[in-house]
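Below, subunit A partners subunit B and then partners subunit C, in two separate complexes.
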Partner chain A sequence: MGWLASLQKLDRRWIFALMGALVMIPLLFPIGLKLTVSRPVQMFVDAIDRIPDGSTVLMSCDYDPASRPELVPMTQTALRQLWDKGCKVVVTVLWPGGSGIVDQTLRGVAAEPPYRGKKYGSDWVNLGYKAGNESVMVLMGQGITGAFPADYTGHSTSDYQALPIMKNVRDYSSFPLLVNISAGYPGTKEWVQQVNSRFHLPMVSGCTAVSTPEYYPYLQSGQLRGLLGGMAGAAEYELARHEHRGPATRGMDAQSLAHVFVAFCIVLGNLAQRQRGGGGGA
Partner chain B sequence: MKREIPLFLTAVIGIFMILSFFVPHQVVSVPADFLQQSAVILVAFGYVLGGANALKVNFDAVYKREPGWIYKLVLIGSLIATVAIGLAEGRNWQDETTRSMWIYNNLYAPMNATMFALLAFFIASAAFRAFRIRTLEAGLLATAALIVMLGRVPVGDYATRWLPWKWAQLSSLQQWIMDNPQNSAKRAILMGAAMGVMATGLRVILGIERSYLSGED
Partner chain C sequence: MNVSHDFGVWVSALLTLFVFSFLYRDNPLYKFAEHLFVGVSAGYYMVLNFWTVIVTNLWDPLVTMVTKHQAPFSASLGDYRIWLVVPGIFGIMMFARLLGRVGWLSRWPLAVIIGVYAGLKTTGFAQGDLVAQVQASLQPLLTGHWGSSINNILFMLGIISSLLFFFYSREHKGVLGVTSRLGVGFLMVSFGAGYGYTVMSRISLLIGRFQFLIHDWLGLR
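Moving on, here comes the complex of A and B:
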């Protein structure tokens, strides 16, 4: 078993190369591993299904391009589910680098054949980015137009000719549900603390895999009505919505192999260490 | 007076904002709204201050030819160019065909995504070199990590689907870990942190904690 001990001296570029290959190959040649829908994801789907058809929903997309593979697919699927119910969607962004990618994502879904009839200003509006984190959340509770005087394109949110959707939007009481897609701070935790607990607005969350464990207590307490965790959550959401071979589902093959490789690295690294007789490592 | 006035303002505004949480009357809510709006404006000014600070720190480093000064020069050039292009394009800088959006789509977004993607490589390397199981606690942590990591992806289902007991399959085990031990620990941390925040807030309002004034306790 001398080879195990010699692994201790393995150049880490081999590990990088293997990881690169394990991610690239399934993206180029999909395996099509079967998924099952977990309880938090089904709760997310059900929470949106339960809101009245045609209502106006608040969607806060708090992320930037770093989280694109995890959060853009769940934004797209959530928007499709809401539009399939005839809901109108008011979108906000609390991350400075996020307004561009969020606008492109919304316009991308609006350009898909089933949703080409959806009109900007009537069926959806992007209020864009506002600095201030929790202060903005609280300010929106006093009035959405006060917190966002203009939308992403520069139209006044009080101009009901350009943005008829805003006619029925006053504060949080105008929405039956908040759909939050969050990459960290400010995000789901702050929405729960500042808005859900204070203004009693029901909410669901889609978040990055690293922040998922942090939000489980809110799911169990009922403050979150559903939770999508990372790309796995996004892929399960696509499955629950019968969106076959969506971007998150395609990414799951790569993520599966990457997880197996990291697990293999932990086991192999420890075996090599034992073979060598302790020492090293953190 | 140099210290008393800020302490007095902090105490009054702190108590007032706590009051606004419980009292929806106009006497409280209108000034509270004004303070919230002021906070938003202050945060916006914070970006200007942050930009100016980044320029100052990096200009100094370039001037003194500190190690890595060439990268700081790139940072200064990028910062000035991005702001200048945005200002030149005016109100419509967010239109799809503007140079600002070209910078966003072709420079900012890919670089931002690259930084996050690099984690996969470093996590694999760290897993191999640094994750050593030397104690019972480390063993439990590693076992939980392996179950959750594999149970969260379809491979875990494939590997344990043959087991006759549903609870022993990796996906069920990882869900149990997330729902119970993980959730309990996370809730305890959240409650501890919340109490810490409340205690710190009270110390600031009561003037016991004064480090925000001039760095002294």
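Moving on, here comes the complex of A and C:
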């Protein structure tokens, strides 16, 4: 088994190159590996489906460009689902680097043919970024306009002519559901602790894969009504909404191959370590 | 192939390639991209916080109050804007750290921040995590449906054995030893799931950049 011993001396750049190729090739030549909708994702879809048509929904997009491949597809699909139900959407951002990308994402969906009739200020509003993390969440419970005196474009949130959507928005009691798209802190955990528990606002979460295991207990306890975990969650959400070849779905072939490669490397590394005589201990 | 003519896309693509070049080895192009990112981020956050926090929440309300001769304290209208002076002064006191002898002044606003956050975190954790999670952990072992019964029994075994693994007041021998080893097994499964999700997150970042290079920059569909 000399080849196993030679792996010990393998230049790590070969691993990087192989990983790069495994990710790049399926993006250029899609394989179309099968996806199925998991229960947490179906719960997310159902939670939004259950709210009354035409409701005003709070959507907090707590991420920045670093989480774009995972969270932007979720934001787009969630916005489409809400608008398909005739819902109005009030968007907030608690990450300083997020206001630009969130606004770009929302305007991108609003420019799609089925949603061109959606008017900013009437059907949706972007309240932009607010510093303060949990304190902003608590402050919003006392009044949304107090926490966000102006929207992302500078309009006063008390100016009902410019932003008619705000006429019916007082505090958390104005919303039947919170849709949180979260990349970490502040995000889903803080919304659960500060808002779901105190103000009893039902919520669903879409989050980065790395934070998904942390949020599963909230799903099991019923504090979250649905959960999208990472790019796989976003792809399943697209599948559940019949959005074929969405951005997350397109990335899943590469994702699957990369995971198989990582698993293969782990097995190979363990075999090489065992042959060398190491038990894998400290 | 329809290569982008957008200057911003080209800048973004080249910076992405500069960062990727680190995988071969450290080099000046990578260093340039790294320093540019740190500098731009710091500047962006400062400007963003100035315009979205200081101007919107402090400056504008106070200026409006003075220029439009509005009441500074109209409790009946829910308007308490004169109080904004207090956090404003606290904010200025934070900069006392730079002044040496009066540096101690910065401890007051820090004390307020720590106090507020400790209060928010403690009550939030107690309500959102401790009580709700303990309540959700009390599952019936026999539900009348074999699938959910097995699930709940495994769940209970996992909780008890994992908790006992962290019980250090007795040596892990005998029943406690067996249970804590079972707990280690459950913990390993959770670490494995965590690792798998972490790999997914990191690969997603790579996919995102490659999608950008292939679609947005090179225009390959």
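Just so it is clear, the second predicted complex is superposed on the first by the 278 of 282 C-alpha atoms of A that agree within 3 Å, B and C clash if a C-alpha of one lies under 4 Å from a C-alpha of the other, contacts with A are read in each partner's own complex, and residues count from 1 in each chain.
Following the convention adopted for this analysis, a contact is a pair of C-beta atoms (placed from the backbone, for glycine too) under 8 Å apart; a residue touches a chain by one contact, two chains touch by 3 or more.
Quick caveat, the model's predicted, so the values are computed rather than measured.
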(Q) With both complexes overlaid on chain A, does A:A66 touch subunit B (first), subunit C (second), both or neither? (A) both
Q.
For A:R198 in the superposed arrangement: first (subunit B), second (subunit C), both or neither?
A. both
Q. Is A:A111 contacted by the first partner subunit B, the second partner subunit C, both or neither?
A. neither
Q. Does the superposition put A:A21 against subunit B (first), subunit C (second), both, or neither?
A. neither
Q: Would you sort A:V262 into first (subunit B), second (subunit C), both or neither based on which partner it touches?
A: both
Q) Counting only touches as set out at the top, which of subunit B and subunit C does A:P213 meet: first, second, both, neither? A) both
(Q) In the overlaid three-chain picture, which partner chain does A:Q273 touch, first (subunit B) or second (subunit C), both, or neither? (A) first
Q. Between subunit B (first) and subunit C (second), which does A:K34 come into contact with in this model arrangement: first, second, both, or neither?
A. first
Q | Residues of subunit A contacting subunit B in one complex and subunit C in the other | A | 16, 19-20, 23, 66, 68-69, 96-97, 99, 128, 130-131, 135, 138, 146, 198, 209, 212-213, 217, 220, 229-230, 232, 255, 258-259, 262
Q. Hey, which residues of subunit A end up touching subunit B in the complex?
A. 10, 12, 15-16, 18-20, 23, 33-36, 38-39, 64-69, 96-97, 99-101, 103, 128, 130-133, 135-136, 138-139, 142, 146-147, 152-154, 198, 209, 212-214, 216-217, 220, 229-230, 232, 252, 255-263, 265-270, 273, 278, 280-282
Q) Contact residues on subunit B for subunit A in the complex? A) 21, 29, 33, 36-37, 39-40, 43-44, 46-47, 91-92, 94, 101, 104-105, 108-110, 112-113, 115-116, 120-121, 123-125, 127-134, 142, 145-146, 149-150, 152-155, 157-158, 171, 175, 178-179, 182-183, 186-187, 190
Q: Using the touch definition up top, name the residues of subunit A that touch subunit C in the complex.
A: 13, 16, 19-20, 23-24, 27-28, 66, 68-70, 96-97, 99, 128-131, 134-135, 138, 143, 146, 149-150, 189-190, 192-194, 196-198, 208-210, 212-213, 217, 220-223, 229-232, 247, 250-251, 254-255, 258-259, 262
Q: In the complex, go through subunit C and note every residue touching subunit A.
A: 23-24, 41, 44-45, 48-49, 52-53, 56-57, 60-61, 78, 116-117, 120-121, 124-125, 127-129, 132-133, 135-136, 190, 193-194, 196-208, 210-211, 214, 220
